[in-house]
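In order of appearance the chains are A, B and C, and numbering begins at 1 in each one.
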């Protein structure tokens, strides 16, 4: 892992904590995500190169880019599913390496795959994940969440019997079971019908208002700009744009995605 | 490439051939013909060095596997595969010389004696490694699977050795060697070890060359995409589609 | 948060519950084992032959083929709908995932091996009365080693893009010491009337220990989302 870079902003440096993250650290730490020079090389292919990303608590970031630009990979790295080949990644002020397991309890992941067991019922899935994350009273929380996403009536149905839209709602409930502080969403609107998409938008807006940190990759640029306060564009594994969403137009973003 | 390497490369083949010639001469002329078995016994001078070198090649293969699991760099996979090829080759030599010896000593081509069984199982372990690799298309998966197998196979070697010793041994082999035989045996280690190291180096170099060429081609392809908008790039389009449409390699 | 043992139990319980609902694995695996036994038995013409000769071969071949199928299926469970990513994103050690898969595989294998052994005993009049405890001990130790290696390789090879039969080819050669040792032990016990041989048991136990440790460590590196 590389050492401190001179160009790092003061806020990032100030949040460098050496102790393992405690539960109340989020209130003191400014940065939820602090990636410096993060690279990922697989089979001698450079999938991510020199990623610099700093996200404060409560920040919402849209991650945009063409297919193969590295969005999914970056989200997996942030979720600690993949290990960076170089660079430094800190989540909630703690280095990812030694404390990875503990940090994961504060991260929620939504992808275009639901990550549910299709032969179990929705409720069974949620209770399982709740227990896995050490959520107290998992059953009650699961039932409450299912109400919240409008799926209480299908709670006991096997996941394989659900439509794509409902499955995704169940997946979102799964991601929220442990009340994560950081929510990573990899193209969550993929393949959703209009109703489910609208529900998801509303949910993300509510989470944003509730102060959750959100990093979301999307193909719909307009939607992404509307849902977030910052936009990051990746092209061939590098960050080419990192600006507040309100300063950007869909055309300008498209230009950056496509390149010169 | 530095001159030292160049001289080494140029010297290698002549030295290898010379040592083989010398060792063979010793085998044929210097060592006595054994009373009970006749000239075929001399195959032992090849058999034992081959076995030790096979084991060393297995060790290098294991180290390559460990290296890949630790660093995820393809160079370790190249090393592992190169060593496995040599291990399989040496194991073949061991197996064939062992079988010939057995035929001369006991009149049978094959018995399930501990020694022969061990040779066979070791041979199998590394032949499987080589056979399986091409059937995995993705290079990353291939390297990962090979690495795990390389580690598991090497750790298996002592276990195989111990377990075959439980098998009944009808034909125990006892070799008494006089000084001339011992010297010849020691001498045979030289060409065999040279061969092992040389082959691993050759295979590794070839694999590294292939990998670097692939990398170069990939970088050229992605560079050509950076050329200006004459390509008529459409929003959100796949890089592969862009290359295909442009018609460039 | 529950400790690792609790997590392992939780994951294994989930696997068994999914298995109970889908009913895919156990039936298929057991029937495969029975089929193998029948084919081998018919081919070898072993009716009435005393145990310890051919019996271990028949049983082992049945265990190997149905076991590999079992390991493939329990790992494939995680490949549907990206469920594995869900586990990898959870605050658990990768080794916990390994241990839970191993437990699930062992549970299924134990059921399967009991059924298959009973079938073999009935069909071919294998006589285990000489040393039933010894037989159980040897089989159990061998199963642990086999399931350990199988779980490790099933995780590494688990992918929809890979050809079938790959797992078997990788696992069989590695597990040959188990076959050799258990055959020698069982032959010793049933044909020669010897007591359970300690070098043999030592080898089985060493095999289990070595691969348990290696698999636990390797799982950290080997699982990919």
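Rule of thumb we're sticking to: contacts are C-beta pairs under 8 Å (C-beta built on N, C-alpha and C of every residue); 3 or more make two chains touch, one makes a residue touch a chain.
Quick caveat: nothing in here was measured; it's all calculated off a predicted structure.
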item	value
Count of contact steps on the shortest path from chain A to chain B	1
Closest chain to global C-alpha mean, per-chain Cα centroids	C
Separation of mean Cα positions, chain B and chain A [Å, integer]	46
Centre-of-Cα separation between chain C and chain B, whole angstrom	31
Rounded Å distance, chain A centre to chain C centre (Cα mean)	38
Chain C, residues touching no fewer than two other chains	224
Residue numbers on chain B that touch chain C, as the complex places them	69-70, 117, 121, 124-125, 128, 131-132, 135-138, 141, 144-145, 148-149, 151-153, 155-156, 159-160, 162-164, 166-167
Chain A-touching residues of chain B, taken from the complex the two chains share	72-74, 139-140, 143, 211, 215, 218, 222, 226, 228-229, 233-240
Touching residues on chain A, where the partner in the complex is chain B	42-45, 66-68, 85, 219, 236, 254, 257-260
Chain C residues touching chain A - in the complex, by the definition given at the top	1-2, 7, 10-11, 14, 17-18, 21-22, 77, 80-83, 85-93, 224-225
Chain A residues touching chain C - in the complex, by the definition given at the top	76, 79-82, 101-105, 107, 109, 111, 113-120, 124, 128-129, 131-134, 158-159, 174
